[in-house]
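Right, one structure below, let's go through it.
Which chain is which? They are A, B and C, in the order written, and residues in each are numbered from 1.
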Amino acid sequence: MLENLAHVFQPLATKQFDLLLVIYLVAITTEAMSGALAAGRRNMDIFGVAVIAFVTALGGGTIRDVVLGNFPIGWTQHPEYVYLVILAGLATTLLARFMHHMKSVFLMLDAMGLVAFSLIGCNVALQLDYPVVVIIMAGMLTGICGGILRDVLCNQVPVVFCRELYASVSLFVCMLFLGLKTLGVDSDLNTVVCFVVGFGFRMLALRFGWKLPTFSYQQRWD
Amino acid sequence: MLENLAHVFQPLATKQFDLLLVIYLVAITTEAMSGALAAGRRNMDIFGVAVIAFVTALGGGTIRDVVLGNFPIGWTQHPEYVYLVILAGLATTLLARFMHHMKSVFLMLDAMGLVAFSLIGCNVALQLDYPVVVIIMAGMLTGICGGILRDVLCNQVPVVFCRELYASVSLFVCMLFLGLKTLGVDSDLNTVVCFVVGFGFRMLALRFGWKLPTFSYQQRWD
Amino acid sequence: MLENLAHVFQPLATKQFDLLLVIYLVAITTEAMSGALAAGRRNMDIFGVAVIAFVTALGGGTIRDVVLGNFPIGWTQHPEYVYLVILAGLATTLLARFMHHMKSVFLMLDAMGLVAFSLIGCNVALQLDYPVVVIIMAGMLTGICGGILRDVLCNQVPVVFCRELYASVSLFVCMLFLGLKTLGVDSDLNTVVCFVVGFGFRMLALRFGWKLPTFSYQQRWD
């Protein structure tokens, strides 16, 4: 399984790459669990749990691939990812009662996943020769669309539009990655730097409750 | 019109095939009507009714084709399907007052459609040489995504995540179909068996109120 | 930038074409601003504002291109459009307090955009040799899907399904355009006629509150 994702990461050296893949697998597992908990808040049945887990974990990459016209879509070539996220979702229904004790672990894993998703998304668009702004958007789409789909299917306004810095971390990571790449920084080093800085940024945002300014507009025109 | 869908069903013999196509046409008509009723519950105008009817009937196949990278998308090559589902949606606004008398007919047609959609979805992915789990998901996407889109556009949590066995029937049909195919069962026979068993399964689930266990998780972490 | 969209409009002569492009740019700016205001009504942060602005302005064309299998998707080849709509969205957060004074200007720009989107969508599908009904739907998808995505992400029933004639104007423009084209009317003239008639139709619908009949169905079956 570890070798399978290789084509996604051609620019990265093998060692780096395995690390990013491990983090990717941890990330989709974490996202699947967060999806399952959201489904539980809506009292869904276990099928709904499996769907929301799948969509939260792999929906971001799906939307990225569709928008980039990058067929076949990633997970269709990696059945093991599908099994992993569905199992993680279903396991969550059994483990949920213990989970709030692990909130901080969960948020750490989620932060790691956010950065990994962003870097992977950038790399996919880079290899397809898209313009810079599309590369950055591909990174962000991968990082945040899973959560947006989860919230739409659970009939609520996506939390990514209102909470602590999250998408901003993704944007920052993508820009840092492209910036360092333009400066000629080695891919391995670039990945490590982006990962450490992005992860630290997100943890600080959570710790200190950093948020973007909010725009409130209550006037109705009709 | 009956010949047009032929390329979707190459593995099936002609007779079987016509039957499945007839059931498919009945199914998209039924789905269009269910979409129109959902639009009526939200007091939409007749344009909204037409859109929701279209999306409910043909949205599942659209998402399947996009996810599989199967372009051009099915209905774009079959204008007659588009006319059919829009007409069915609009006719529903006239017939709605009589419809609750036909609830059981409606549920039967819907069950037939669920099985037909699932088998068609599996066949499309089979011909594109996708892995087993993707074939099964293609069947389920075709069967349930129309209803999910309908519910998202009507601003409610998709009923498929909370009600009597529905997606599970689709999953079961897809697995049975692939299982029998692996055992070398003739395509015609396979289709008939899956159809009868899947239809019976769904009707029993409705009759006895079979549901999947529900996952409730009310704890908020923040 | 003005030359960039040229390939979208091959059937149109250069002069016409520049005009339609200018209107297109005004239209995506207007749509981005309407998206930003909707985000403000949900108290989103400025990232949410940027996303909703982007999706409202460019989401319709994205869905059209995905449904038609028309890759690469338009805006991925025009980074300047992405910058434009995001800037328009962010600027709206500063200008919002003055905007209700400009309601009628806003509605006029929006009406122009609706017609421009519809004509552009038709032209894209025309060049890909799709059947008539798909060409009309491509025009309508371009015209209305941005607003539908905006409303889904803001967790409300899409207004396009319940308000004054809007999608109907798009439908009418697409049919008029194809009808005149079939009659052999020159492309330039056709575009101008469709634009004037469609714009007038929408403004009259707003002025006199023309609506489609509504379908209300409150009966629940369960």
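Couple of notes before you dig in:
Keep this in mind: contacts are C-beta pairs under 8 Å (C-beta built on N, C-alpha and C of every residue); 3 or more make two chains touch, one makes a residue touch a chain.
Per UniProt, the chains are A, B, C = Trimeric intracellular cation channel family protein.
Here the structure is a predicted model, which is why all the values come from computation and not from measurement.
In this structure subunit A contacts its sequence twin subunit B using mostly different residue numbers, the overlap staying below half.
Least-squares overlay of CA atoms from subunit A onto subunit C yields a rotation of 120° to the nearest 5. Centre-to-centre, using mean CA coordinates, subunit A is 30 Å away from subunit B. Contacts with at least two other chains are made by residues 66, 152, 155 of subunit A. Looking at the complex, you find that subunit C touches subunit B at residues 66-69, 130-134, 137, 148, 152, 155-158, 160-163, 167-168, 171, 211-221.
Interface of subunit C with subunit A (complex): residues 36-37, 39-49, 51-52, 62, 66, 71-73, 76-77, 79, 82-83, 93, 96, 100, 103, 152-155.
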